[in-house]
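A single structure is presented below for examination.
Per-chain residue numbering starts at 1, and chain names A, B and C are given in the order in which the chains are listed.
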Amino acid sequence: MATAMKQRPAETDLIQSKENQQQNMVLHVKNLEIFYGEKRAVNGISMDIEKNSVTALIGPSGCGKSTFLRSINRMNDLIPGARAEGEIIYDDLNILSEQINVVALRKEIGMVFQKPNPFPKSIYDNITHALKFAGIRKKSKLDEIVEESLQKAALWEEVKDRLHKSALSLSGGQQQRLCIARTIAMKPTVMLLDEPSSALDPISNAKVEDLIVELKKDYSIIIVTHNMQQASRISDKTAFFLSGDLIEYDITDTIFTNPSVKKTEEYISGRFG
Amino acid sequence: MNTKTADRIATGVFYCIALIIIAILVSLFYYILVNGLKNISLDFLTTPSSNVRAGGGIRDQLFNSLYVLVITMVIAVPLGLGGGIYMAEYAKPGKITDTIRSCIEVLASLPSIVIGMFGLLMFVNLTGWGYTILGGALALTVFNLPVIVRVSEDAIRSVPRELKEASLALGITHWHTIKTVILPSAFPTILTGIILASGRVFGEAAALLFTAGLSTPRLDYANWNPFSATSPLNIFRPAETLAVHIWAVNTQGLIPDVEEVSSGAAAVLVLSVLIFNLLARWIGSLIHRKITATK
Amino acid sequence: MEKVSSAKDRLLKSGQDWLGGEFRGKALVILCAVIMISATIAITIFLGTKGLQSFIKDGISLIEFITSKTWNPTDKANPKYGTLPFIFGSFAVTFLSALVAAPLGIGGAIFMTEISSSWGRKILQPVIELLVGIPSVVYGFIGLSVLVPFIRENIGGLGFSLLSGTIVLSIMILPTVTSIATDAMGSLPGALREGSFALGATRWQTIKKVLIPAAMPSLLTAIVLGMARAFGEALAVQMVIGNVKNLPSSLLDASATLTTIITLNMGHTTYGSVENNTLWSMGLILLVMSFAFILLIRYLSARRKL
């Protein structure tokens, strides 16, 4: 695991002083609690998420990390009985508030899911689907955004000759990059990735990881992952969750080489989970 | 008797039961088709029926059946689809949803004759329309609505959750997601269900006796003005459908060739239902293939 | 991604959102749901008030209506409105046809799920679906032209009889019973079978001692749904049962049911007359019975959850 970290591009220049970081935050989570009915899935966590960086959420299954991720763009609203207390501050607004227009929120905080879920439409339509709804009608503009997003998702070269073929004809890895591309097309600020490469083969996985590192230039990325090598390879900061608690949250290097909590060390060294 | 023997006897009995069921269907179809097909000719399908003389056809009844079906579906499909969308996407668990579910259950279990009586009260007497195609279609809508609601609700619920989440996560409203992502995915299943329901509507008679009536005015097929009394398209005229015709000639008819006319008409009816069934399967698989096409 | 407008403008709900498609769409589907509720309520109220008129307005005694054996509404001097023979007829054909269809339907279901699922799926399943598709007037017509003469010549009586009605209804409800029973048997956990086979039970012992008892509430639901269909069926029965107003004394006697009397007389009686009103009261009995069947099915499905 240590060698895996060494292979990572040097990121020390990205890690700034504490004061700088405070101004460089995109999300502030304060005492967030999430309930499914009576059951509490997330127990009052607080953390700040950095702009233009990759934050990894790790922990065993059922630890609350995905629940937390899904609360950031209010996808938990879809689950009957789910409710959140506390605050997630984004752009000076508590996005958990009743007053928030979740539709507008999800345009700015996009999400990519574990299983590639392209629409059963053409590659082109997968990307323009949400754009058209957002009111962009001009063909030239749409073409431009489609190309740009596919370029950014490193998919353009592979699909540029078959944009109007069904998205379901793509391989799993390509489908997942298409899903990333269609999220990019909405020009979000934050991208939430829920185990985006766990369903993919190793080569596709590597491509998606490279892409994530590339994307942090433009976006703030929060990624849930079961794969600790992946967290250590691509993330700047890592948060370790256990049974709904945030156990430790620090710079990825520190978490993986010198964690301050015993539980973290046990988990990353594979003793449980 | 040892258990092995008992097991063998029981297995034999179950095979017999299966064979009996198959034999019932085969003999029914054999009877309908053998007796019916020899009475079906182009002439039979294109001549109007006669009240007293032999040699009448089923032209108007066939047209009426199709027309009543179309009008019914024009009303029932949007309503049922809307109800299905509501139940699958908007209804929250609670009293109101339970009430609606009970209503669907009640509507689904009403005998069709009772629906016909309600139609008589509402669409014939209360509105003062008399026996009309529209009244028949509305009664059949009541009869058909629960089926379409269920079919659409089930179809919408079986759309993968991932697709819905994908659309919502892109900042698309719930309604637009329903229109552009969920309904297209659920469409083949819904269409299959609607076509199967059409078969049921096509053969329904009891709900139509007191609503669309037992007679058809003299129709002029060249008259396409839907407001003219002799136009086949007029929805405010009485219309005897094929299924009602079979019942009427058998129970109150005066024509000498009852057997020929009704076996021909029965064959047409059963063949139509068969076609609806096959069509539903074929379209379902066709669209399914097109949507999940890998090329 | 320069955001010109402030977060408040972009992210807070505003009145405009509610004028958009979301609101219209939701209103539309709620309207559909409301129409369904209204239709159900309207049916209950309209048929309820209309059906009660013969008791309220025409002063017929409810007790007499459902217990008297004499139906003679056309006797000007002394009309009699006893519907017992029709109520009896309805229940008789319903129970008798369930008695025939239940073993066949459940047997067919067991054949499909336990004995030969490949045959079942390939042949029996489509057979059942085709049987569902045959319109009831066609069943009635075949009953009239094959069954009635057959009974008249080989068994006795006029042919138009309770027996004919029962046979026609049995065949009509067979697919209902079979398909629901198949679902019930198919949804039993596989562990039940494995557990029983592991104890050395034969297939028949497993079916009899384990599977049928486990599926019993659902199997009863299947039978009740079949009975509900039989009770409400009108035209097919009307074509073969003979429609006489007397209580039958044997299976070969002609008889009548509530539905057949309604079907037969609704057209020839004057709307609003006493005789016509009694037909609506019979319709009300059908409505009440269909509520009763629903309650019975609910009771059975509540037992299934235990």
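Assorted remarks:
One rule holds in what follows: a residue touches a chain if its C-beta (ideal position, glycine included) is under 8 Å from a C-beta of that chain, and two chains touch if they have at least 3 such contacts.
These are the chains along with the protein names UniProt gives them: B = Phosphate transport system permease protein PstA; C = Phosphate transport system permease protein.
Bear in mind that the values here come from a model prediction, so they are computed numbers and not experimental data.
Counting hops only between chains that touch, chain A reaches chain B in a minimum of 1. A comparison of C-alpha centroids places B closest to the centre of the full protein.
Looking at B-C and A-C, the interface holding more C-beta pairs in contact is that of B-C.
For the pair chain A and chain B, the distance between C-alpha centroids works out to 49 Å.
Computed from the mean C-alpha positions, the centre of chain B lies at a distance of 17 Å from the centre of chain C.
Centre-to-centre separation of chain A and chain C, using mean CA positions: 54 Å.
Chain contacts: chain B has residues 173, 176 touching two or more partner chains. Shared interface positions of chain A, i.e. residues touching 2 or more other chains, are given as 103-105, 108. Residues of chain C in contact with at least two other chains: 22. By the touch criterion given at the top, residues 73, 75, 78, 80, 103-108, 110-111, 113, 115, 117-120, 129-130, 133-134, 165-166, 168-169, 179, 182-183, 186 of chain A touch chain B in their complex. Against chain A, the residues of chain C that register as touching in their complex are 1, 3, 7-8, 10-14, 17, 22.
Residue ranges on chain C touching chain B, taken from their complex, read 20-22, 24-26, 28-33, 35-37, 39-44, 46-47, 50, 103-104, 107-108, 110-112, 114-116, 119-120, 123-124, 127-131, 133-138, 140-142, 144-146, 171, 174, 178, 202-205, 207-208, 228, 231-235, 238-239, 259, 262-263, 266-267, 271, 280, 283, 286-287, 290-291, 293-294.
Residues of chain B that touch chain C in their complex: 3-4, 6-7, 9-11, 13-15, 17-18, 20-22, 24-25, 28-29, 31-32, 78-83, 85-87, 89-91, 99-100, 102-107, 109-115, 117-118, 120-122, 125, 142, 145, 149, 173-176, 178-179, 199-200, 202-206, 209-210, 214, 243-244, 246-247, 250-251, 259, 262-263, 266, 269-270, 273-274, 276-277.
If you check the complex, the residues on chain A that touch chain C are 90-93, 95, 99-101, 103-105, 108, 187, 189, 218.
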